[in-house]
Amino acid sequence: MAVFLAALSLCIAAALSAAALPRQWRVPVSAFLGSLGCLLAFGVAMSILITGDVVTFHSAQVLPLTGLSLTLDPLGAWFVLASSFVGVAACVYNVGYAKGAMASRTALTLFMVFVLTLLAVPAASSVMSLMFCWELMALSSLLLILTDQSRHPDARSAALWYGAMTQAGAAAILLGLLVMTSNAGGQNFADLSAHAAALSPVMRSFAFALILLGFSSKAGAVPLHVWLPKAHPEAPSPVSALMSSSMVAMGVYGIIRVGDDLLHGGTVWWWIAVALLGVVSAFYGALHATTSTDLKRLLAYSTIDIVGLVLIGVGAAGALNDSGQHAVAHLAMTAALLLVVAHAAFKGALFLAAGAVERASGTRDLDLLGGLIHSMPLTALVVVISAGAIMAVPTLSGFSSEWLLLQGLLHGFDVSSTPTVIVMLLGVIALALTGGLTAVAFVKAFGIGFLGQARSTGALGAREVPTSMVLAMGWLVIPSVVIGVVPGLLVPLLNRAAASALDTAVSSPLARGTDLVVARFGGAIEPAALVVGLVAVMLLAWVLNRGLAQRRARRVDAWACGRDLQTPRMQYTATSFAEPLQRVFADVLRPQTDVEVTHVAESRYYEQSLMYENRVVDVLEARGYRPLIAAALRVGRGARRIQNGSIHRYLAFGFVALLVILVVVG
Amino acid sequence: MNATYISALELAAGAVLLSAVMTLWRRSVRSIVSMLSLQGISLSAVAIVLALHEHEHALLVTGCLVFVVKGLVVPALLRRVSRLDPRSRESRPLVNVPASLVFAAVLIVLAYVVGTRITALSATSATHLAPLGLATVLVGYFMLVTRRRAVSKIVGLILVDNGIALVTFLLTSGVPLIVELGSSLDVLLVVVVLQFLMVSMRHHSDTDRLTEMKALHD
Amino acid sequence: MMATTASVSVSVYEGAATLIQLVLVALGGPLLVGLMAKVKARAEGRVGAPIVQPLRDLRKLLTKERLHARHASVVLPLAPMVILASSVMAVAISPLVSTHPLLGSSADILVIVYLLLTGSAAAALAGLDAGTAFGGMGSSRAMTIGALAEPALLVAVIALSIQSGTSNLPGIMVSTLAHPDWVLGPSRLLALGALLIVVIAETGRIPVDNPSTHLELTMVHEAMILEYAGPELALVSLGEAMRLGLLFSLLANLFVPWGIATHPTAASIVLGTAFLALKAVLVALGVALIEVRSAKLRLFRLPELLAGGFVLSVLAVVTGLVTR
Amino acid sequence: MLIVAILVIPLAMTIVAASFAWRPWIGWASASSCAAFLGLGIWLSVTTLSAPQWALHHSFRADSLSAFMVVVIGTVSLLATLFTPRTMGQEIASGVTTARYARHYVVLMQVFITCMLTAVLTANLGVLWVSIEATTIATTFLVSHRRTDGAFEASWKYVILCSVGIALAFLGTVLIYYAQLHAGGTVHSSSLDWTSVMSVAHHLDPNVTRLAFALLVVGYGTKVGLVPMHSWLPDAHSQAPAPVSALMSGVLLTVAFYGLLRFRAVAVAALGPAFPRALLLVVGVASLLLATLMLIAQRDLKRMLAYSSIEHMGLLAIGGAVGTPLAIAAVLLHILGHGITKAVLFLSSGEIYHLEGTTEIAKISGLLARRPTLAGIFGFGLLSLVALPPFSLFVSELTMARAEVDAGLWWVVAISLVCLSVIFAALTRHARHMLMGAGPGDATPSTLRASVAVPLITALVICVALGIVSWPLQSLLTHAAQGVMP
């Protein structure tokens, strides 16, 4: 534990140095201390996952009236692994990125606090400790969104949405946990876990429902996701990366920790609810990702998509565990956990790359980008690999985890309970549906953003970003490749984490080695061999291409139907790229399209100008949340009449109270 | 001796409540203030009668204090205030006079019902009269709620205070002297403060806004 | 020692099977394309090009000059390699000639599906690379179709794998061989219908796409690869032809696996090769007949067709679960 | 001796302020007198940890709870009086007030502080009432200090409502005394003493005590700002000068709540926990609900802060209703945290009013861009107010919630959490309007004078420290909580 505390202390030191040092020092020093702390935490998490030890810490001196309790078990360590790895990248990236408002004392300090809380949340082992870290995490990220608020109106409204929803979510979590403490006689997780069985089933389900509400909102599960596509894009990019990769994972962590560990699994219905949330989120997120034109918004929606898949895994694991299928449950949990880490890396890298693009070109609107591969080749490489991982290109990390998920779902069909089977089926369908949609989204993101010709002067003038930013992005590519090519290396760690999550001592169906082999189901993938084959064929193709022609390629104008003029504005844009799919799913997306045609004065057969506008708003936000807010405001305005300024009325309040007291009490 | 004591006590305590009801009835500020003066004097009479009966010197001092403060000073202050107010009539109260009186009757019944529960603890001839004080409190509060004029508000406040003082005398033969001194002084000061406020406001803005001060609201 | 020898000889057979199916599909894919063109031409009353014409085209293209569009990047020359590599690897690991190709244990449906998806994505990126309107249009349309076809494909194969209890393709085939009664079950038939639609969509045949169109606005796949010429076009075309060969062969083998080599003997591999060629030709003839008898759908009618395929596949899964 | 010194210091300062014409040094002197008695208060709290202290023939008594309240009063009044020279300087410069009224202001502030100190240090429950009533009189003039229509209206309502309310509290006190007289206790001059009341508390007549406690809740509740007699609070807070609002909202309300805590102990001893709990829960939840409703569409900055005080008082009442040692300790921590936070917020809103000329939310915008330090302080103050970590209100609110659940009141926690979420959304919405956005034009951001910024930032840092470190306070809190256990 001492090492972990040292890691946390390094992050605190980073925060303090950010607050205290002069401008030119505070960025590198805080980044150095912060990344060192994250590396240390990574090491601790690794050692816990390898040895399976559990370390604890309690101090009554921190947090008045309660004390701080930290416990790091393999489940927590797995999540620390994810957040510390991304934390290193975010800190390093910040060296090159932090300028202007992001280099201010407040922002840098908050950034380091945010990193700190991401390491601490999975370790918190009492209700108060968890809520403290959790709220601090929410607060620091909330304020970081506002870093450059004076120039970004969207950041302001995003922060409002995020703040309101995260606070409501935290309230739900708190209430759920407190309901569990009511008969536990203490607020440590150990007490909660020991007394969970004594809770009445209704109260247990009530507690889980509340906790699910809170954590799934943080995870971005539909329909509680509304804040996410607003907040993640508006944050500074290292913060977006942390939010989307690690903070979202904390939501998943919470569901697993409370549902599986503290409440010991509960009933099948809980997990069916979790999986259904996952199904809806995966589909909704993927669909919106395909139609988004803001690069970071696209990434945010894709986060919702992946979280959906993770929740399907978690839900399947819980349901199977409750149905007695422990081995398959283990498999599904493994898949979910692997996907969490894989997602943390590739989504982190993508958000950092999006930040690089924004920094270089001044915009993140795909409709204004293009041709960046020429000016930013390294960033482009990072995006290709990470996008490949998210599209589940075999031999990259997304594929390994999705394959595991499919294995878990496929063998879950042996369960006797019909609702579980239906959920498995929906899970498989969601997996299938999102695969294609994700591919569209990321082909669009890379193809429109990096290929072709620049669509704006900003994109034309882009230059590669500083080395520290490139290094940070490169760091996050490592897991995508490693988990993709030799996923088996992580199996022992995964087994520990999944076993600690599900609280069952079942031998893992996954064999050890560099490949993923589920021996008892006859399933396997051998990505390393696949890589060898692919490279060999590509070399052969290269020889065929170069070797036979023996010439450098000649540059010619592209085919334009015989016309000479071919301007960048004639290219397909992100909007037009997604238009066919938008039409297909118009019933879900409800796009708003305006066409305005102005005819020339002389004849209405000729058009002077034509304006076409296309917007895709979140239909859940527009139809679900907005009316609710409007109603609340109406109530608030109506309530103002209570205090109408008349002293007679004010006195009458008291008089009535007095009479009531006399009648009731006297 | 005892019978005289009881009837004197009853008379004085009854006068307190009666004057409270009278203030509700009358509209002219001048006569309301007179009623208040009467009430103060009756109140001090209660204290003095009790003091003589129970040989409580402290209560005797209190009685004299009450006589000075509530019987003389406060009414005098109020008269000064009411001279400032040209339209010194409670012209249209929120609840009209007949209804007020009916309501006052209801309040008195309520006070009686509640009061008997309290006096059950120690049944003496003095504590039996405590409901009268409670009724005065309620009537005073009712006046406070329903009367619009600033002076009426002050009167209502004093009625509440007098009612409480009556309860105090009857139930406990007065609280410790220091508390009693403090509370009397407080009442006095409140009246002074209110008077000061009325004067200042009149200075400050010509129109008589006191009746409908609703500038501050949500 | 004996065991080692045995395993060596087994891996020799596995290698041989892999090599045979690679060569077979590499040559057979273009031939199938030629065959289908021939059938269509005959049906339209023309003589048509010889069946080997696609192979000749490939040879000719390989010797031609390399041309790159002015604004294209490194993606343009890379994409054909990726397309080819993904098709080749998909062929290499799939159970076509034998149920034991070299990497047969990882011949998972998910691997095949996502390898093919990788190829499609590479092609779509290449279409966007030149920065022209047509390339973008082609990419957009191809990705849309792919996004709608992919779920149907995956779910349809999952219907089979639920029945067999594994997502490993050789495993599915082996269990089908053991249970001939499955073949005509409702679940299988529904999945077959779904897969047929998907295969037509993925290979870009009528009614989804017209491979022989020369009008840019109606193109899907052809618009996407409009900027390719010379050896790069050859690689792309070979990759596409192999994908077609693979899909036809898989379609045949998944539903009628008989004839595939299940033992490491020379005879069974020869037999497997022959059966594979036969089955692929039959599928190609069937698809050609469909092409002859139908007109190309409008782009925005396509989702209905693909959604139909998706629904069929879901029904296949459900009936599979119900009748289990 | 310590107790006497604590009371004498502000009293002496009153006399000094009354005898000299207004000069800025008087303001600084009054601040240093607050610092002095704060220091003594801290010393007192150390000594009370071993045993309660008495002074002047048992007239004054200080246990840990009293000592803690002295510390709270000292902290907040130090903060508020530090702003006296600045506030008066500004007001004299802008013609809002004159040197004469500035002198009144300083004197009344000192009287006000002295009254509060007397209230928490007295041994006698009657004197407690007298002192709290006396604060009304002192603060009335402070509320009307600006001598505007609004200020007069506010102080008028304030006096009337508070006098009525506090009169009911007197009736309650009298009834307690009556019950005590007939509880077998001997009658002597000090019989409203806290210790003597507590010694017979178990024998008090339930009927009388029940009514008495109900009257006390409504009566002292008036000063606390609890529903139903809360209405004076937004008016008075919005019209008073900022340091006065800070003192009133920061400590006056909680000093009255201190009175309630004492009487709650008596009531619980006499009646058992059910009735006091139910009563406090009703007023607490009602206050919380009302504050929530009024905050949603609030239009005025200072009224917003005032309603937030009602909200926090509601929370305190709920915490007091539970009444377990843990709950009371959390309540006390909440009192301190809320006091400091509210003081910071009111003082900075005073600065905002001074600079912007308005407290209407709709008319203030882009503060962070234009006045980063001030807006930052205000913003962090709001974060502390909505009980986010690492500020101490977070710990105290959560601990109260925990204690409530331990007492089986999870539905109350549910209601409060819903209210708190709505309040959070409402406050952030208002804050967004005021703080965020681009400033008008390209004016360079203006800085805040160090004399303003340093105290406020220090106060916020103290709030953070209280929320993270248990060390100096925890033993005092638990000890103080034990003091009002029946």
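For this structure, a couple of remarks:
Every chain is named by a letter (A, B, C and D) in the order it is written, and numbering of its residues begins at 1.
In the analysis below, a residue touches a chain if its C-beta (ideal position, glycine included) is under 8 Å from a C-beta of that chain, and two chains touch if they have at least 3 such contacts.
Values in this document were obtained by computation on a predicted structure and should not be read as measured data.
When you average the Cα atoms of each chain and compare centres, the chain farthest from subunit A turns out to be B. Measuring from the average of all protein CA coordinates, the nearest chain centre is that of A. Between the CA-based centres of subunit B and subunit D the separation comes to 31 Å, rounded to the whole angstrom. Rounded to whole angstrom, the centroid-to-centroid distance between subunit B and subunit C, based on C-alpha atoms, equals 100 Å. In this assembly, the C-alpha centroid of subunit A lies 43 Å from the C-alpha centroid of subunit D. Taking each chain's centre as the average of its CA atoms, subunit A and subunit C sit 35 Å apart. Looking at subunit A, residues 640, 642-643, 647, 651, 654, 658, 662, 666 sit in touch with two or more other chains. Subunit D has residues 156-157, 160, 164, 211, 234, 294, 298 in contact with two or more other chains.
Across the complex, subunit B is touched by residues 124, 126-127, 129-130, 133-134, 136-137, 140-141, 144, 147-150, 152-157, 159-160, 163-164, 167, 170-171, 173-175, 177-179, 181-182, 189-192, 205, 207-208, 211, 234-235, 238-239, 294, 298-299, 303 of subunit D. Across the interface of their complex, subunit D is touched by residues 60-67, 106, 127-128, 131-132, 135-136, 138-139, 146, 149-151, 153, 156-157, 159-160, 163-164, 167-168, 171-172, 174-175, 178-179, 181-182, 187, 632-633, 635-637, 639-640, 642-643, 647, 649-651, 653-654, 656-658, 661-662, 665-666 of subunit A. Subunit D meets subunit A in the complex at residues 156-157, 160-161, 164-165, 168, 210-211, 214-215, 218, 222, 227-229, 231-232, 234, 290, 293-298, 326, 329-330, 333, 366, 368-369, 376, 383, 386, 388-390, 392, 394-396, 398-399, 401-402, 405-406, 408, 410, 413-414, 417-418, 420-422, 424-426, 428-429, 432, 436-439, 466-471, 473-474, 477.
Within the complex formed with subunit B, the residues of subunit A that make contact are 640-648, 651-652, 654-655, 658-659, 662-663, 666. Across the interface of their complex, subunit D is touched by residues 114, 117-118, 120-122, 137, 141, 144, 150, 153, 157, 160-161, 164, 167-168, 171-172, 175-179, 182-183, 186, 189-190, 193-194, 197, 200-201, 204-205, 209-210, 213, 215-216, 218 of subunit B.
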